[in-house]
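By written order: A, B, C, D and E. Residues from 1 in each chain.
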Amino acid sequence: MAVKGLGQLDQQYDGTSIRVGIIHARWNKVVIDALVNGAINRLKSLGVKEENIIIETVPGSYELPWGTKRFIDSQASKNAPLDVVIPIGVLIKGSTMHFEYISDSVTKALMSLQEKVGIPVIFGLLTCLTEQQAMARAGIDESKSMHNHGEDWGAAAVEMAIKFGPRAF
Amino acid sequence: MAVKGLGQLDQQYDGTSIRVGIIHARWNKVVIDALVNGAINRLKSLGVKEENIIIETVPGSYELPWGTKRFIDSQASKNAPLDVVIPIGVLIKGSTMHFEYISDSVTKALMSLQEKVGIPVIFGLLTCLTEQQAMARAGIDESKSMHNHGEDWGAAAVEMAIKFGPRAF
Amino acid sequence: MAVKGLGQLDQQYDGTSIRVGIIHARWNKVVIDALVNGAINRLKSLGVKEENIIIETVPGSYELPWGTKRFIDSQASKNAPLDVVIPIGVLIKGSTMHFEYISDSVTKALMSLQEKVGIPVIFGLLTCLTEQQAMARAGIDESKSMHNHGEDWGAAAVEMAIKFGPRAF
Amino acid sequence: MAVKGLGQLDQQYDGTSIRVGIIHARWNKVVIDALVNGAINRLKSLGVKEENIIIETVPGSYELPWGTKRFIDSQASKNAPLDVVIPIGVLIKGSTMHFEYISDSVTKALMSLQEKVGIPVIFGLLTCLTEQQAMARAGIDESKSMHNHGEDWGAAAVEMAIKFGPRAF
Amino acid sequence: MAVKGLGQLDQQYDGTSIRVGIIHARWNKVVIDALVNGAINRLKSLGVKEENIIIETVPGSYELPWGTKRFIDSQASKNAPLDVVIPIGVLIKGSTMHFEYISDSVTKALMSLQEKVGIPVIFGLLTCLTEQQAMARAGIDESKSMHNHGEDWGAAAVEMAIKFGPRAF
């Protein structure tokens, strides 16, 4: 029995009216690019319009929480508020403890950001022990062993915006 | 001497007047379904009416805290406020550190959610190292080695709502 | 030289005018009961009146922080505010990671609860790797290898209430 | 090249006008006493007047954050506000996980206390794996292998009070 | 394929109008000095004026969050508000658990500081297991095995100030 399986969407969602922000770190660019593309493709397949997908970047993953906060503020200040945001970063274990402290603090800061900004924040952070793991989760390892996780984030963004976004009820 | 034992209810509770939300992730669906059913069955056995058990879902466990917050808000906006909520998710250790960071951040976010929403949040998150452990705690491993933990959550929900819910005093 | 030693009270305290709440989980009941009794005995030996020791329970340790919050609110709503509270729970390591996530989140939630409720919260949580360790710290293992830690909690409660409680200055 | 070295004061500080609180746990008293004395000696050597060093105690390290909060409040209520506080505790690893959960929660609670009380909180907590490590850091192991860390805390207190205390600017 | 690679700036930035604070601990001075110089050099190369780079210090890394908070307040009180701040510290694993608790609490406190002060806080904390690792990341080990990470922090500061600083929009 396959217990551990990909969650499927619970219904068909129509993303034509939602506005989605993607903000990504620029370290480990090959993996990041694949993940961002995966997210965009899934967003579009669920009806999100290209002009409603806004892309921004920060230097590294530690900058994601504050960058996401200000990215949301910035869009709102232009009268183009986001319904949901997907911060994307790829952390890979190195020889110091940098990986652990960054992964932990960024994960928690993104979680708690939601109540401050009032929109869903999708967790697009890979916390990998090897480069191979990161490539696999972006769907770009040689054997194509896994699907592109950016696709999951795109689907989650549409669902969360429609169910629980600022205009949901 | 059996030290480690299941806590029993301290008194008989009558759940006929309480309204319970269940919000569950959709990853690891087989286990999730069993846990949700276990919770529902126990709620009903303690008098909670079927129409007062509201079910909602989110894609994965990371979405539980914000989803729970908005699910509660949504029910309140319909003049049908919840007395207690049971977020349910099943996390299983994989090869990256995803399991650890999600488990930790979700556990703490659900804990701190209580003071923000003012109702008890029952901890329905399994943090398992293997699929086998998850199935056992849902009462669906082959040897039926453990009871369905969803039942505990249903009982805890009724007790916490009646003792410490928003209408308790 | 014995470095690691039990802290003694720094002065004699008179608990006759303070009101103490004890709220305990019901899992691992044998150990819990011994700890609760140890705390009560010490409270009484420091002058706390039996009618000023209020006992409440929650299903498990995860319910302690919210239960403690509402227990305090409930007593205040009856014009019988508590000066200090002792949440008591016994967590024992199992095969999943449940122990770690619960222990960590409950410890921090009880710590931060103090500033929200304005009274001292004594840390009555045992985080043990084995049942044997739990029994020893409740003073009920066969060899009576350790003293009942509930006694320390009772003493700490009286001291903290008198020095730093809501009526201390 | 000696990389890991004690930080020196960046300038001479004159502590004659500042008021310093020391609040210490009472477990592991031999080590605590040495650390408290080390801190006091350094404070005096930087000009802090004896009558401006206020000593208070709590039972154990878990009580430090709330005790420190209320100690500060108490001094302020007497029109004798503190400019800086040094909570001191000694935690030594035992057989349960008590050490880990206490160390972590106390460290973070003392850190976040600063923004609530508006004065610097110096970190006087030793988190040792053995008694030997604790004695060494208090300057009282047989071989006098290390200096008394209480001295560092005294120096840090004076610097932080003068640079960043409530009366600094 | 080189996955794990240094993130490059996404565009050319002009730092001539921004004001940058650097606040560093003084432990492990050789490494700290190299990192601070690396940051300053990169700031200047991106146009930041020397008179707009303000340097401050604290005793150790635990003092960084509160010191950073008050450093920002102090500059604002002089009508010379900072646009971004770079706290710099070097933590090296020792025999007790001091490294772990300090690293974790400082990382999280710096992260959450951003929403309190409203300016970006760049993460200039090295959390190394050996002195060798620290020297390598400051570009001062014998083999010059890595670049000076202070340079990354300088670049991140300019980008974050211009994109997401208090005067960005």
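To be clear about the criterion, a contact is a pair of C-beta atoms (placed from the backbone, for glycine too) under 8 Å apart; a residue touches a chain by one contact, two chains touch by 3 or more.
Chain-to-protein mapping (UniProt): A, B, C, D, E = 6,7-dimethyl-8-ribityllumazine synthase.
Note that the structure is predicted; figures quoted are calculated from it, not measured.
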item: Superposing rotation of chain A relative to chain D, computed on C-alpha atoms, to nearest 5°; value: 145
item: Distance from chain D to chain B - Cα centre to Cα centre, in angstrom; value: 42
item: Inter-centroid spacing, chain E versus chain D (mean Cα positions, whole Å); value: 26
item: Distance between chain centroids, defined by C-alpha means - chain A, chain E (Å); value: 26
item: Chain A, residues touching no fewer than two other chains; value: 104, 108
item: Contact graph of the chains (line, ring, star, complete, other); value: ring
item: Chain ring listed from chain D, with chain E in second place; value: D, E, A, B, C
item: Touch list for chain A against partner chain E, complex; value: 25-31, 56-60, 62-63, 65-67, 69-71, 73-74, 77, 92, 95-98, 101-102, 104-106, 108-109, 116, 131, 134-135
item: List of chain B residues in touch with chain C within their complex; value: 1-10, 93, 103-104, 107-108, 111-112, 114-115, 120-123, 125-129, 133, 137, 152, 155-156, 159-160, 163-164, 168-169
